[in-house]
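Take a look at this one; I'll ask things after.
Going in written order, the chains are labelled A, B, C and D, and every chain counts its residues from 1.
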Amino acid sequence: MVLQAIFILVALFTIGCALMVVLHRNLFISALFLIASFFGVAVIYVLLEAEFIAVAQILIYIGAIATLIVFAIMLSRGMMTGRTSPRNAQALWAGLGSVILGIALLYVVAYRVQWPVVQKDVPADAIARLGSALVGRYVIPFEVASVLLLAALIGAVMIAREKEV
Amino acid sequence: MDGLLFLIPALPFLAFVLIVLFTNQDQKVSAGLTIGATAVSWLLGWYFAFRAFFDPHGVAEEPIRLSIPWFPGGYSIFYTGFQVDVLTAVMLFMVPFLCFLIFVYSVGYMEGDPRFSRFFAYLALFATGMLGFILADNLLLAFIFWELMGVCSYLLIGFWSFRKPGETHIDHAQVKRARAASIKAFITTRVGDTIMLAGMVLLYAMTGSLRWSEILAPETLEKLADKIVSMPVFGVAPWATVLAILIFWGAIGKSAQFPLHVWLPDAMEGPTPVSALIHAATMVSAGVYLIIRTFPLFHVVAEGSNSAMWFVAFIGTFTALFAATIGIAQFDIKRVLAYSTISQLGYMFAALGIGAYIAAAFHLLMHAFFKALLFLGSGSVIHAMHHGHHVSHEHGHGHEELPIEFNPNDMRLMGGLLNKMPRTAWTFIAGGLSLSGFPLITAGFWSKDEILADAWHGGHMIVFWTLAIAAFVTAFYTGRQIFMVFFGQPRSEAAKHAHESPNSMTVPLVILAVFAIAAGWVGIPETFPGLGAVVRGWFQSLMGAQLEALHLEHETLPFNAAPLLISMTMAVGGLFVAWLIYGRKPLGYEDPLARPLGGLWQAWHNKYWVDELYQATVVAFAKWLAHFLYNFDDRWVIDPIVDGVGRYGRRFAGAVRRFIDEQIIDRIVNGTAWVSNVLGEFLRQIQTGQAQNYLLAILITVTVLIVLGIGVG
Amino acid sequence: MNPLDPRILGEWWNTFLRGLGLAEGWIVFINGLVVTLILLGFGLTSVIFLIWLERKFAGRIQDRLGPNRVGPYGLLQTVADALKLMTKEDITPDNAERVTYNLAPGLAVFAVLMLLVVIPFGPGLIGVDLNIGVLYIVAMGSIGIMAALMAGWASNNKYALLGGFRTVAQLLSYEIPMVLAMSVPVLFAGTMSMHGIVEKQARFQWFGLIMPAAFLLYIISALAENERTPFDLLEAESEIVAGYHIEYSGMKFAWFFLAFFLNTLILSAIAATLFLGGWQGPFVEQVPILGVFYFFIKTTAILLFFMWVRATFPRLRIDQMMALAWKVLVPMGLVLVLLAALVVKLPIPGLLQNLILFVTNIAILLFVLGAVGRHLRKEAERYKVRYQVSGIR
Amino acid sequence: MIPLSWFLAVSAILFVIGFFGVLSRRNAIAILMGIELMLNAVNINVLAFWRYTQPENPAGLVWAIIVITVAAAEAAVGLALFIALYRLRTTVNIDEVDLLKG
């Protein structure tokens, strides 16, 4: 019961923050709500007993991605004066479509599918298993991801670098 | 040793990486890297190939494999890797060997080009693609390497698509042509590849696997043959047929079959070694290889209702004759060969279409040898013409007056080169004889005869006679080419000053000439009188092992003199007629056939106007569509509607002003305008260049699909 | 149970609660609350002492007396300062983004306070023994960056914004060597649990002694993470006035101040835990309560070292700061991690492993110091030439 | 035990919200934020299925980590692009940069 109550609170918090992210006019505030929403998602991960991912979420999403986003917002600061609308012409249609899609998805999730759920505990050595899986069975995806990161690192530096005059 | 399988494609790739990253500055090291890596791949390849040759049944039943888990997909893990069975071994005998020879040849041919290193980097990358493709043990990996070849082809066709300052050997027009040709090649083959990708996705959806050993297993094929799909327009067909035809489209694009053949002749803008390697011997035959590889999928549906085989046979036969006739009326030495390649690939598809698996593989192999030889020979000729042109200019022979513009590829300006460059000439003639199927001694004769015999034996008379006529035409244009280039008198200063090419170019020619003649002897049928007893159909029994492993029946054809004699007559007759027209008397700058044949000649010379047709239809349609959508509201719909309605409304209002309130009319007019405006705006959304609009379309589509899904199921 | 084990207190407390007839869920809840309160109380009060210590210590180094008026030895000086700050006017600039502006100081303190939970003060004395403790520390550390960014942006002041930028650049850059340094003990101990790491350092196998290079790496990056001298150019008065908290005054400024000193304390505690054996020491097995004592001794030693550095060194230039992180510390950290991973996998007895690690660490340290020294000498030479040319000596 | 469908519902809602952000915002950075929300939703889904079907198999965790990695790479490159774009055009509004030629 307590868990369920916590889940509902966290879920509402997360969804509310996410809504503010897409609705708020001020981009900086949007980004702050994004961080809050990331935090909520991290708590959801904890509720799923994936503590490692939760901490990784905080470390990477809040510590790195959100910081980068805020940084980028500050660097393109002229954009936030609010002279123009933050939304484009199709926002209404997009909203309508999103709502319908959301309702359809919720309907499917709630009524249409019987997921094969098993009642099992997360093994105590889940993180150790994750570690050996990353360098064992999933070593190729892991390596590909690291190459991707390297490429992104170099690419980002090259793109954002100011041309030497 | 099996673990080293991956090295065969990996070594050239390593060479590519090293050249691009490090040795780009040093031409010698770059060429050395590529050639060295290919040489090692060649040795490794032959090791595996000969293992298969010595134990064909064992290897066919239990291919040499190297497989690793690639990525987990749902409930299973997608394995990928390389394998060598008999079919791969046959290709593995040919591909790295040809690569090696042609790379050596390129050292001489490309000498002095400022992008020498880059050329070798691309070649190495291409070798990776081709070797990986033939070794791949599943369709997805094969497709990746297939696309890699496509990229290399694009890069190499457009190799001279820009000119560095101070480069003299290419002119502006050539640069433009190279650009257009590379884009054309890329886009045309993409059409086939996209259809093939669809086939691949469907295949995966149907079978849950893409490994050859699993999708070609008899039980899987049975399942595919039994399941029926009904489609709009095309009607009802088994899944196997649908998948086979979809995959065949990939081969049509890659092997330049009608209607996607248009890119290959233009691809001759690339350097000649590229034409030899990619656009004659290996990449274009990859399409044939793919169909040979997936042959059980084509073959599984019962004969009679098998429209996949019928389709393959039709395309192949039609292309064989179609391209051969165009070849008669070309003047560019390489274009003749290009059309000949298309035609010969058509032969192979025709063979596959009538079920002649072994004959197709045999012709594929032989064709690779003699066509590579012909291209390299033509490269040597062009090289010589280039130098001759240069020399004649330098020595003040000055401006000769030619009725046509100078072009080193133009056969009308050649002639009499036999004495100037004997090695090139004799090897070229050997290749030409092989191509035209000169009886008994040449490789081309044996492989072509095999196809014709199969067609005769199987009772496919239309196929047989079309191919026989194509054989005659082939012999004719080959003879025409040989007589125009090497015999008679030189018809330009350049031809007078031509001289033999360096050793690095002629040695590969000689080696290839040996293969172009002698390689065919391995496939002399066992039943052939006299000779057959010596060879005992070695190649046939080799491939037979592969067929048995695929659970397909394979029979030794009884000897039949009729197709043999027809084939011999066609070959010798074609050459003889060519001699009558082109060899007997000195030639001018106009083709002796052009006048008597008139319109037909024009049709051939202009390639049946297929290019123009595409320009007028496909390309124009695409442009028109773009224009249409852009202009839709502004010009054609809204303005007339608004104007018309407005005019009508005003007249109407003038007539009945007293009776009807002006407001209503105004509203109708405005409302109509508004409706058309909204409509126009909406239609304009289709092509706005803004990703968000497209995403909205995706959102709506997905939503509709999900809602429909809820409603239906 | 050993009467000198601090855990006995917990046992007693739990029996007491059960005696009151509470449900198990409530006991967990109350325990959580109590632990939180204890940690909060400890953190906040120790800061008061810490500020006094810092001022006194700096005073002594600089041959002054330091605070000596309020209370005995000036002990109540900090309390007086806190009272002053609380009663000062709380100013919010007109064009500031109010919500963010007010949230930032809270977030700064929050990020630091969260860390107290995983610090093992003694055997069994730990808020929560997370099995991913070290990763948790790193993750929480990254929240502090957001606080600085928010403060810098919301103040609507160009110096504050610049300070915010500098903070992000510095903290992000030094987070990487810090994580690398922290992963060396993690690799060696084979666990990310703080308690587990301490337990692996029994019998003076302190990781700081085995791997001095990693320890030094951690200390340097901790200095930077804490925005302490010589890395305090984020609030360099002479350049950007006071960095991201320029507009803050009164209580909100006090929050930043609090976060700063709390961070110092916690970074020292983490250093003591990861590298100096935490509560390990002689006779801890017999008298577990001694562990708390050892832990505080070690923490205080590191604290004093930090203060010593602050009182002694001038600050770096921003380019020097970045260069140090990316060109020296990150490569060094990578090498150290690789080294530790290799040695751990060597099939040799533990003592030999320690020896190899020690020797190689010293070698790496010497090499790095040598390289940096050579570079600096060259740079100094260049400057000398330049000044001679321009006539300045 | 919290029912699986609750997690899926939260994930679905988060995904739709993120998608709405992607579709409706003009600012490229805001679009990126929408994408991040969508990726988070995906991760919730992945982890929920991991927890409720195969908690002993680390595949779900691996997948989640790779999603996070990709998100980080994407954010870095995306933001670098936007900064370059801002420098070039002084705008990061996506509907003002619909030309292929600069």
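By definition in this document, a residue touches a chain if its C-beta (ideal position, glycine included) is under 8 Å from a C-beta of that chain, and two chains touch if they have at least 3 such contacts.
Please read these numbers as outputs of a predicted model, since none were measured by experiment.
K.L.:
Using C-alpha centres only, name the chain that sits farthest from chain B.
P.N.:
Here the answer is chain C, farthest from chain B.
K.L.:
Could you tell me which chain's Cα centre is nearest to the average position of every protein Cα atom shown?
P.N.:
Smallest centre-to-centre distance to the global C-alpha mean: chain D.
K.L.:
Count the C-beta pairs in contact for A-C and for A-D, then report the pair with the higher count.
P.N.:
A-D
K.L.:
Counting only Cα atoms for the centres, state how far chain A is from chain C in Å.
P.N.:
Using C-alpha averages as centres, the distance is 29 Å.
K.L.:
Calculate how many whole Å lie between the centre of chain A and the centre of chain D, each centre taken as the average of the chain's C-alpha atoms.
P.N.:
Chain centres of chain A and chain D, defined by C-alpha means, are spaced 6 Å apart.
K.L.:
Indicate the whole-number Å distance between the mean C-alpha point of chain B and the mean C-alpha point of chain C.
P.N.:
Whole-Å distance between the two chain centres: 66.
K.L.:
Rounded to the nearest whole Å, what is the centre-to-centre distance of chain B and chain D, using the mean of the C-alpha atoms as each centre?
P.N.:
42
K.L.:
Residues of chain B touching 2+ other chains?
P.N.:
Within chain B, the residues that touch at least two other chains are 72, 692, 696, 699.
K.L.:
Please list all residues of chain D that touch 2 or more other chains.
P.N.:
Residues 19, 23-24, 59, 94-95 of chain D each touch two or more of the other chains.
K.L.:
If I apply the definition of touch given earlier, which pairs of chains qualify?
P.N.:
In this structure, the chains touch in these pairs: A-B, A-C, A-D, B-D.
K.L.:
Please give the residue numbers of chain A that touch chain C in the complex, ascending.
P.N.:
2, 26, 28-29, 32, 35, 51-52, 55-56, 58-59, 62-64, 66-67, 70-71, 74, 127
K.L.:
Which positions of chain A touch chain B when the two form their complex?
P.N.:
Interface residues on the chain A side: 88, 90, 93-94, 97-98, 100-101, 104-105, 107-108, 112, 137-138, 140-141.
K.L.:
Using the touch definition up top, name the residues of chain D that touch chain B in the complex.
P.N.:
19, 22-24, 31, 59, 94-95, 98-100
K.L.:
Please give the residue numbers of chain C that touch chain A in the complex, ascending.
P.N.:
Against chain A, chain C makes touches at 25, 97, 99-100, 103, 130-132, 135-136, 138-143, 145-146, 149-150, 153, 161, 164-165, 168, 172, 175, 192.
K.L.:
Report the residues of chain B in contact with chain D in the complex, numbered from low to high.
P.N.:
72, 688-692, 695-696, 699
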